[in-house]
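Note that the chains are named A, B and C in the order they appear, and that numbering of residues resets to 1 at the start of each chain.
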Amino acid sequence: MPEPTGVIHDIGYQRYTGPRLGRRYVFGALYLHGVRTAFGLGRSAKAKIFPWLVVGIVLMVAAAVTAIRSQIGETVMTYAQFADSMSWLVIFFTAVAAPELVSRDLRSGVLPLYFSRPLSHADYPLAKLLALVTALFLLLGAPQLVMFLGAAFTSDGMGGVWDELLDLLPGLLYAGLWAAVFASIGLLIASLTGKRAFAAGGIVAVFLMTTPVVGVLSILPAQAANQLAGIASPPTLVQGVGVWTMRDLLITDPDGVVPDLGPFGPVYALAAVALVAACVTLLLARYRKVAAR
Amino acid sequence: MTTTDSATRPATATSTLDLAGVSRWYGNVVAVNDVSMSLGPGVTGLLGPNGAGKTTLLHMMAGFLAPSRGTVSLDGRSTWRNPEVYRRLGLVSEREAVHTFLTAYEFVLATAKLHKLPDPQSAARRAVALVEMEDAQDRRIGTYSKGMRQRTRVAAALVHDPQVLLLDEPFNGMDPRQRLHMMELLHSLGDGGRTILFSSHILEEVEQVSGTVQVMVAGRLAASGDFRTIRRLMTNRPHVFAIRSTDDRALAVALMAEPSVGGVELGRDGLTVRAGDYGAFTRALPKVALARGVRVHQLVPEDESLESVFSYLVEA
Amino acid sequence: MTLIATESLTKVYGGGVTALSELTVAVEPGIVGLVGANGAGKSTLIKLLLGLLTPTRGRIQVLGLDPTVDTAAVRARVGYMPEHDCLPPDLSAAELVTHLGRISGLPRTVARERASEALRHVGLHEERHRPVGGYSTGMKQRVKLAQALVHDPDLLLLDEPTNGLDPAGRDAMLALVQRIGTEFGISVLVCSHLLGEVERICDTLVAIDGGRLLRADHIAAMTTATDVLAVEVSEGTEALAARLAALDLPVGREGRLLLVPLADQGTYDQILGAVAELDLPLHRLDQRRHRVAELFARRESSHA
C-alpha cells in the first residue's frame, strides 16, 4: 500500500515576473475593445440590438442588389453608390456607437483608471477613433464585399472578376472616407458630454442642421456659392470629394441631379482633410485636459 | 474662543425629541421598524451599518418625512408638517446641493430670510462666526473645500438658533483639522444645552464627541445610552484585558484562581485575561497584584471601545 | 531604495493657486499614510506621482524613476485607486479588471488569470461575474482595489480607501490594506483624513498642510509613550483623585481619565495601592502615548 501523501499548495498572492507589453500592445487592446464595443460585443443584449439591426439592413440591401443583378442583369447601384445611399444609416450608427465608446467612460468616471496606466493621453482618443473608423468602414465595406462576391461568382472568366475588383477598390476607398469623416465628427461631439442621449442628439443635430445650410447656399444667385455649397455639411462634403475623384462610379443616371462642383473639386478634398484634422486636434486637446483633471 | 461664547450661552429652554413606536416603510421595504427613543440636551451619536435606516430616521425627526406608524414629537408636539417645529430644529443632511454661485454669507442670509428672522443680517453673521467661516464668507461656495461647504451648511442650519440640531454624516470629506473643529463645535453646542444628534461611521470620533449613542441595526433600535453601560449589559461576552507586569507568569497563576476570571493567555507581550464578571475582576486585580508583589505596568481593556461594542451589537 | 523622493517640489496652478510648495521628503517602502489639511496638496501629489501633472519647480522620483520622463515605466509599476466612483455599472468586475489588466500591459490570458486572483484576494467571489452596478459600496471599493492590484504593482496609491464604508466595511478594508503591505510585499501610500486609521495601519506618515510639509516620520516616533500615566476607574473617580492627591501625586483630569506623572516605578504601586484600598474597579492603567492628531490640534483660524 502506498504511503498516504498530502500537500498544501501555496495559493497566496503571487508576484508577477512575466512580460509587460508595450505601448503598441496596449493601444491594440484598447482599439480591439473599441471595435467590439461599437457592435455591442461583450455588452448586454440590449446594447447589441441597434448595431446589429443596422448591420442586418445593410447586408440585406447588399444581398438584394446582388440578387437583382444576377437575376435581371441590372446594376441597381455601384459599390461607391452604396455608401451614399446608406448615409442616414451611417449617421444613426455613429450617433449610437460614438457615445457608447466615449461618453459612457466620461459618465462612469473610469478615465482616471485608464490615465493612471501606461497609456498616453493621446492614445486613448486615437484608439477609440480608429475603432469607430474601423466599425464604420466594416459597416460600409462588408456589404460591398458581399456584392463583389456575388458578382464575381456570376461573371464570366477572370477578366470579369478583375473588372469587378477595379470597381470595388474605389468603392472601399470611398467607404473609408465616409468612415473617417463621420467617425471624427461623431467622436469629438460625444467626447464633450457624459450623457449618451445628449451626445447622440448632438451628432444627429450636426448632420441634420447643416443640411439646410447647403440648401440655402445652393440657391443663392452666385455660382461660386452654389458650387461650394456642399462643403457646409459633412455628407455633401464627402459626396463632393467622391464626385470629383470618381464621377463615373457615382453618377450612373444621366438624367439624375448632378451636384455641380465647378472648378472646386480640390477644395472639397482639402476641406475634407482639414475637417478630419481639426476634429482630431480638438479631440486630442480635449483629452489632454481630461487626463490632467 | 469665539465659538464657545455664543454656543455655550445658556439656552432659554431645552428641548426633548421623542419617538414613540416609529416605523417607516417604502412598499414592502421596512426602513425603520418600531423605534422608540427620547433625546435630551447634549450630544448623541447615531450609529448603524449602511442601510440601517439612519437617514430615514433623521428625516422623520426633522419633519420632512411622515412616519408610517408611530409619532415623532418635539416637546410634545408632532414634527410632521409642523412649521412651528421647523423654527426650533435644524437639519444638515448628508448630500444637499449648496448653491455654488453664492457666497457663504449670502447663502446663510438667504436661509435667515426664509425663516423670516427679525434681523437676518446679524443672525447670518452670528451663524457664520459660530462655524468660524468669517474669513471666507465673501467667497463663492464653489471655491470651497468639502469641509468649508459642510460648515457653511451647518451655519445655515443654525441661523435660526434652533434648540435641536440633526446632522447626517457631518464629518464626511473633512480633513483632520476641520474634523477637530467640527467636533469641538458639536461639543460646545451640546454643552450649551442644545439637543444634538449626529450620524457617523467613524466610531473613534463618535467616542471623542459623545459617549451617548443610539445604535440602529436593520431598521431596529439595537441599543441606546452610554456605550460603556451598554457594554456592561452584555454579560454573555467576557471582558478582555491586556496586562503587562513585572512577572506575568506569577500574575497569570494568581488570576486563574479568581472565580471572576474565565481564562488567561500568556503571550510574549504580556497577559490576555478573559473575565466573566467585570466588577469582580476589576476590583480583584489590584489586590491580587499587590498581594503577589507584582507591579502592574499596563492594564488595557481590549473590547470596551465603542468599536467593539458596536460590532457586538451588529453581530448579535 | 527610496519609494518616493521629492526635492523642493512645487506646483502652482494656472490660476495662481499653490498646491504644493517646496516639498522635500524621502519615503521608505512600507505602508505610508498621506494626510493633509486642505485637500488640494494631496490630490496634486498623486497626480505628480502618476505623471499626470508636471511640477512647476523641483524634482520628484517614484521607485527611482522620474514620472515626468519615464511616465509609462512608472505607471506600469504603480496601481491607483481613486477616491470617487469610477466603475462602469454595466460591466462585471471580472470583465473590467481583466480589461484594465491588459491596458496595464498584461498579455490576454495573464490578464484574465490575474484579474481572477486579484478579485479573490480582495474578497470578491461568485459575485464577480455580476454587473458592478448592483454592488454595495464595500464591494465596489474592493473592485477598485482589485483593478489597482491586477498588474502586480510595486506601489499602490489608495485615495481614501474607506470612504463611504460602514464600521465593518472599514475594518475589512484596513485589514486588507495591511495584508497587501505586509504579506503581498507591495508598498502602499494611503491618503486619509482619518488619523486613527493612519495610526492603525501605517508605518510612516507624511503630513502636508497648506502645500507645505508639516512632518514626515515613522508612526512609532509620533506615538511615543509620554511619562504620564492614565488611570480610569469605572466608579469612584473623585475618591481616587482625592486619595492620590493626598499621596502628594499631582493629579490631572481629562474626561474620565486621571492623569498622573510617572515619577518612578513606585508611582505604579502608589496608584494600585490607592485603588485597592478604596476597593474601586480598575478599568485602565496605561502610559499615555502621543497621538498623530496632536499635529493638527493647533487650530488656525483661516484655511483658505
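As a convention for this text, a contact is a pair of C-beta atoms (placed from the backbone, for glycine too) under 8 Å apart; a residue touches a chain by one contact, two chains touch by 3 or more.
No experiment lies behind these values; they were computed from the predicted model shown.
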Chain whose Cα centroid lies at the greatest distance from that of subunit A: B
Chain at the geometric heart of the assembly (C-alpha centres): C
Centre-of-Cα separation between subunit C and subunit A, whole angstrom: 47
Centre distance in Å when subunit B and subunit C are each reduced to the mean of their C-alpha atoms: 23
Centroid spacing, where centroids are CA-atom means, of subunit A and subunit B in whole angstrom: 58
Where subunit B touches two or more other chains at once, by residue number: none
Residues of subunit A whose C-beta touches two or more other chains: none
Per-residue multi-chain contacts in subunit C, two or more chains: none
Touching residues (chain side subunit C, partner subunit A) in the complex: 47, 50, 52-53, 71-73, 75-76, 78-80, 82, 84-90, 95, 99-100, 102-108, 110, 114, 117, 121, 147, 151-152, 157, 183-185
Touching residues on subunit C, where the partner in the complex is subunit B: 35-40, 136-138, 164-171, 193-196, 209, 233-234, 265, 268-269, 272-273, 275-276, 279-287, 293, 295-297, 299-304
Touch list for subunit B against partner subunit C, complex: 47-50, 132, 135-136, 139, 145-146, 148, 173-181, 201-205, 228, 278-279, 282-283, 285-287, 289-290, 295-301, 304, 307, 310-311, 314
Complex interface listing, subunit A residues touching subunit C: 12-16, 18-23, 25-26, 29-30, 33, 42-44, 47, 104-105, 108-120, 291-292
